[in-house]
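In what comes next, chain A is part of two complexes: it sits with chain B in the first one and with chain C in the second one.
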Partner chain A sequence: MALTPAGLLAQAAEAASQGTVSIPAYGSFPAPGNRVAIWVAAQVHLFFAAFVLGVPMFAVVAEAIGIFGNDTKYDKLAKEFTRLLLVSYSATAIWGAILAFGLITLYPGLWSYLARIFAPTMWVYVGLFFFESFTLYLYYYGWERWHDGRAKLMHWSLGILLNIWGTAVMFIANSWLTFMMSPPAEVMPDTAPGMVRLWSAFANATWMPINIHRVIANVVFGGAIVGAYAAYRFLTSKTDEERAHYDWMGYVGNMIAIGTLIVLPFAGYYLGREIYEYNQQMGITMMGGFMSWAWIIQAFLIGVLFLAGNYYLWVGMGRIPGAERYTPYTKWMLVVLVLGVIVWATPHTMIANRDELAAMGGTHHPFLGVLGVMSAKNTAVNLMILTTFLSFLLYRRANKRTVVPWARTGTMIQTAIFVLAAVIVLFYGVYGYFVTAIVRIGFSVYQVLAVLAAIGGVVTLDIMIMRGAESYGAIRWGQMPPRSQYALLILAVTFTWLMGLMGFVRSGIRQHWHIWEVMRDTSEFAATPPLGYAAQVISWCVVIFLGLVGFIFWVGSLAEKPITSHPRQDSLPSTDSRLASAPTGN
Partner chain B sequence: MRFWPKEPFWQGVAVLVMAFLLIVFGIPYLPPLLGIPSAPIPNSVVVQYMLTALVGVLLWVSDNQTRWQQFKQPFHAVMVEERKKPIRMILLVLLPALIGFIAYGRVKPSLDAPPSFRAIHPAPPSSITFQGRTIEITGLENPLRTRGSLDDHYEEGKSIYYENCLACHGDLLDGLGHYSHGFNPTPLSFQDVGTIAQLAESFVFWRIAKGGVGLPNEGGPWNSAMPAWEEFLTEDEIWAVTIFLYEQAGKTPRTWEEHAEGGEH
Partner chain C sequence: MWQTNLKILLVVLGTLGLYTWVAGAIPQVASEVPEELTFSDDVTADDLVMAGEQLFAGAGTCTACHGTGTRAPNLLTDHAGEGTIGQRCGTRVSGLDCKAYLRASLTEPAAFVVEGFAEMVFQARAFSDAQIWSLVAFMQAQGGEVTVTSDDMERTDDAAAGTSAPAEPSGDSPLAASQTTDARVLLQENLCLSCHAIDGAGPPLGPNFDDIGSARTADQIRRGILDPNVDAAPGFDAMLGMMPATFGQSLSAIQLEAIVTFLAARK
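Showing the complex of A and B:
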């Protein structure tokens, strides 16, 4: 029998009838079954992998700021990031092994097929993984030894190398999973795996979009987990010094997560576009078919992210002298965000009972139906991004007094840029209802460009306006109410759940195919599970991951020395009476 | 404002009450005063909107330490102050009663069908069997747009529509034909920006040809009484009526390239 997908799966039956020993198509995992076993293993592995790939990216940036900005607190921060990385690394490998063994024992037919195509890349993967591991050990354990001059630059180079190895490892693994989604057109159900060209399978249609999306998402996820770690350490801190350090670390984690999140939708858009281009049916299943409700949940979760990220900044303004100038504006920003969430999460097809359907005359609401389409949602999310950027800007300016003579004019120009961007976003959002779909698609590009141009223009102006700015007083790091830290924890939980949900969507749109239209899933778990069931599995994955992360971080903290420095010694009123009256209510 | 409460707690309550009135009464009844059609909002969406508003209120009262202390003060007073004991006792009875009432509403037997959890668009198959022949749906274009006169096809489609579709989909293509009130949900309105304007002609062809019985299993149960028109119409007749639908509704079909955009929620 030929080694085609169907052939591999049929070997078991044939072998059984002939009385010969052969590999069965599927193994068996006790309740909850093969599918959930592989699902949990893959998802938890992915959570850890995303963390250990995302953290080195900003660790190496923080170290660079420390080196070139001559600021040791960033160097200490980078080291602490890397310590988190070190203790998470083995968990990533363990879950990777569980996933690999799960595939080998539960889905031997699929594994055999993939291995026959991708065997050379699997060996490269192992080699790179080896280099990555030892580069990480050198990077972390060499931190104190190579801390000056050229040695420090060499150490920093190790950090860059670590990122290169890690990214290459991820790109290889991405090729395997994207091949299952979008095998090249020449691969047919009767194509023997030995006949499939490796590069064609490797660089398939969705490979690069997934690569880009995951690189960005890893940074977002890493930032969120680091923020949660800092929040946990803040809440359990015993000294003001520790509180100040972890307050600052939490701020950096939040800034990385939310700042990078702003560009993630564009990568997601690219991936979605490629899925549609590869296969129309798969695209409609994802966006308009039975997976469409996942996007409403996604809108809610991203709404939570925006709200929590902004909330953290607004609460943080309470510890910045001079921030009271801006606090009256926060309620209006909140109004924009809440309205944005409402619009974004308004379903086009509403859940309604019989009477409600009759009153609406169908599943589309005659008035709110306009909020269910892309024009409204693009407008809402772009305005939310602008608002979040405004929060960051106000936070950044909060304790600064401008000295350049044209500061007022500059601020007015910044305001005008904001207003102009918002008007452009609104104009194309409304105009989108009056044009054909092909024109409307182009409008979303104009909206995004308007927002990005506004961000670029405002930041450039702000750097110039703030040149030589005086301070209203140093930020009182550590004087944050505990509820702000819960916002950071919510961010981490939401990001983790969101990753699980979108992972389910990406994988689930293959429906009853192991490899889309090449190898059919003939097991008892072939059907794509409904959203409610998926939500339960995703929640278990999140609980397992966060439970393990909590344990790992706790173990990691057992051996550490107490924090002996903090971001701004001069600003920390360690024995100041202000700390004694620091807000502690939650 | 004279009547606007000063305490954050009551300000929050006022915002939520106003949001509720706007959602439950404002949206259904105000737009019709301006000639804009509207309808009551399904409970699922009311809950969704109110939860979002509640989160917004909670964020607002707690993003400032002074306001947060003021917001918590009424709770604190009701829980511990002696003079608030009557209120405490009333709440002690009312809150469990309210929870019980909600629980009762959730579990009491109902004859209503469960709410539909419909997909927006069913995912079309890559190919269908039409009157014994296989037709590839992926990449399919309306052949009549490049053959013969568009006006002739429009006229033919018009005749077919009035002979077969009018009774349900209506004279104005708004889904309010003579029989429409016998269906729940009513037939699709082609004037709606969310129906044929979002779809390629091949999708419309598939839906007309296969009707409600040909809808895919995933995303079901489907509430569609649409017949499978391949039993009554030829391939060209279905394409002709597709042309009529788009021309008459003033919509433009999506092309295959346009689908690269992603879908609509």
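Showing the complex of A and C:
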């Protein structure tokens, strides 16, 4: 213990308690100051951590598709990304060290307090990180050696193990930060850290909601970065083969990112509910206090995500023979999405001073107040999710000709399910205006269940309807206009920025507390800055992260062999085996 | 090649610039740290109101709920046709003037919950006595007369010093340090009548005081005051835990017996 920073500080704190050593509460970092220094270190570390946790999930799934679908291009894709992980792990560790040393030198009091509670978990963390790193080395460098048969399955198991280590590491780190948000009720300002029960502090109120939210968000983030990488490589490709390969890769990344994004709001809802359960004042600060405008910005960003994700799919349908029969519907889907974004981004409850209240003529704007309430917002977001799902469905069906005799009936049932789900969402949205708040909150559950049931039912039916489907022609991979790739880049930038914003919200709702109502922030940076300031810091963090990721991608490209064959035109990612014999559209 | 790279760079930076601009274009609200307040003996009403306004709109995060009209009653504008908070505070609870009502509302949020709203989540323990009084002064100034003075702060400071748990809101009842032995006055000062009805009037949140002597002995009443959360009175199981358990500290023995005798006699 004495050799680690945590151990040293724990000893120093012990000595301090005996009056022999004095630990200052805060260190000093030159402009822009302690807060921004720690903020940037934590945020960039988190970006990399999300990347190195999200991409292995992506890789292991891709490898599984390659193994069980007997499709080598997925295996190559998995390996291509695992190679990037090697350098990314170093970057993650470097930024983790910067964060740890920043905390030790700039916030020694806080670090000492946390170390005295969490010291055992810090050792476990280090151990798991060790195993994770060496599992990664085995996973990557053993790729070619363990290539066939049982050896390949063992190799795939290494990928699963890599994910288990990584997730466990994240869960431990999450316990430290969630303890700062939601320390157990028995921990008071005068409670000695040595008296805090470790498991009670570890499994605090917001720990599991954050774990779940981050696991899902990491998959989304990994998919988005994969998409951005593919877009960059597509735009700079010199051959058709390369373009075809990276076009396909971008499609896979986008599908994972947007497909998983659909689930993320439900995890966010769970997290928000637990924050309210833990401390209502904290919940209100988050949703209606000085953070209320952050949700308007979030709505704007998610609107961009939905629009860019759908736009990419619609443009992509241009390279799918048979997709033209769905093209007329896209403008209506666009209308639903735009209206949804407008409603979702309508401000409602927020801090207003007396002059602003007077200017509005009341507590809500007379026009916007109707659209800004949760009934309208929940309705909007659920309809946007349904619309996006419809985009995916049309994309999936674009080049398929059904052969089962009941296909028309099945499609009508699918349509009915869509309509029914939309009606349920709208019904509870309107009904919500006529009931009390507590009843209205319960309606959101019915709306979500209707959407999830519709997605499950439609997908199940679609798999059955498309059994044995014939092809209108193979997807012309690589024949995408460049603007579609810029949509993928915007998706990645937006996801990254959104992560930064949500990180600010999660951390900022502690306000002037290092540890909520246990340890006050008495430094000159105790106040939580407004969104405009936060946005600048977030943007700098994103620039640093993307700059480094760009460098990592470039380094990775130095070692790769040129692509000599593009994905087989007849092996589509989401189609059945009969398409293999379908004629190409070229 | 370099043109493509430049385009990509511009798209990335343009997107970041747009988001940064949008976040900077909206109203900028920071979460401030509550300032420690110290007032001299000659503090003016304006000083108190100004400090209270800063707290109300800033670190107190009061506007997160008061002002929306949905989570909590409006304080700065009319609520339910009764005017602003300064206009209606004096008539909210019979027997409590505006100042006492506002202070009790802050320190004991469960005491007077306005119909149609949930209990306030304001945590008085996070604020100093001077901060609480400045908030009271600010709210009085919203259409009413500011009557908070430095004497109020001295009195509650003294009261707090005389209790074993000065930081607890329940130990800061408006006139906790009163020396009166008049049971009726004590019931009023200690906010008992916010939950118990007497003389046929008052909320039915606790047992009615009009005939409590026929249902409970003096010993039971005394135990109920000193340790209220052990046994619920018949029919009030759901209210168990609501009554403060601090009267053993805030009342003198003579005051306690005065209340017990008074209530036990009501048959």
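To be clear about the criterion, the second predicted complex is superposed on the first by the 533 of 586 C-alpha atoms of A that agree within 3 Å, B and C clash if a C-alpha of one lies under 4 Å from a C-alpha of the other, contacts with A are read in each partner's own complex, and residues count from 1 in each chain.
Following the convention adopted for this analysis, contacts are C-beta pairs under 8 Å (C-beta built on N, C-alpha and C of every residue); 3 or more make two chains touch, one makes a residue touch a chain.
Everything numeric in this text was worked out from a predicted model, so none of it was measured.
Chemist: Look at where chain B and chain C land on chain A after superposing the complexes, then choose clash or fit.
Modeler: Because the two structures are overlaid on the shared chain, the partners are seen to clash.
Chemist: Should A:T528 be classified as contacting the first partner (chain B), the second (chain C), both, or neither?
Modeler: Once the two structures are laid over each other on A, A:T528 reaches both partners.
Chemist: Applying the document's definition of touch, where does A:Q511 land relative to chain B and chain C: first, second, both, or neither?
Modeler: Both partners, chain B and chain C.
Chemist: Touching A:V315, do we find chain B (first), chain C (second), both, or neither?
Modeler: The first partner, chain B, only.
Chemist: Check the residue A:G289 against both partner chains and state whether it touches chain B (first), chain C (second), both, or neither.
Modeler: both
Chemist: Looking at A:V493 after the superposition, I want to know if it touches chain B, chain C, both of them or none. Which is it: first, second, both, neither?
Modeler: Second partner only.
Chemist: Would you sort A:I160 into first (chain B), second (chain C), both or neither based on which partner it touches?
Modeler: neither
Chemist: Scan A:Q280 for contacts with chain B and chain C and give back first, second, both or neither.
Modeler: Both partners, chain B and chain C.
Chemist: Scan A:T327 for contacts with chain B and chain C and give back first, second, both or neither.
Modeler: first
Chemist: Just checking: does A:V542 make contact with chain B only, chain C only, both, or neither of them? Give me first, second, both or neither.
Modeler: Touch partner of A:V542: chain C, not chain B.
Chemist: Chain A residues in contact: does chain B have more, or chain C?
Modeler: Per-residue touch count on chain A favours B.
Chemist: Chain A residues touched by both chain B and chain C?
Modeler: 280-281, 284-285, 288-290, 292-293, 296, 349-354, 357, 362-364, 437, 511, 528
Chemist: Where on chain C does chain A make contact in their complex?
Modeler: Against chain A, the touching part of chain C is residues 1, 4-5, 7-8, 11-13, 15-17, 19-20, 22-34, 57, 59, 61, 63-65, 67-71, 74, 76-77, 121-123, 126.
Chemist: Flag every residue of chain A that touches chain C in the complex, lowest number first.
Modeler: Per the stated touch rule, the residues are 232, 235-236, 280-281, 284-285, 288-290, 292-293, 296-297, 300-301, 349-354, 357, 362-364, 437, 486, 489-490, 493-494, 497, 501, 508, 511-512, 517, 521, 526-536, 538-539, 542-543, 546.
Chemist: Spell out the part of chain A that touches chain B in their complex, as residue ranges.
Modeler: 269, 272-273, 276-277, 279-281, 283-290, 292-293, 295-296, 299, 303, 307, 311, 314-315, 318, 327, 330-331, 334-335, 337-338, 341-342, 345-370, 372-374, 377, 433, 436-438, 441, 444, 481, 483, 511, 528, 583, 585
Chemist: Contact residues on chain B for chain A in the complex?
Modeler: 27-28, 31, 36-45, 48-49, 52-53, 55-56, 59-60, 62-65, 68-69, 72, 112-126, 138-139, 175-176, 184-186, 188-189, 192-194, 197-198, 218-219, 252, 254-265
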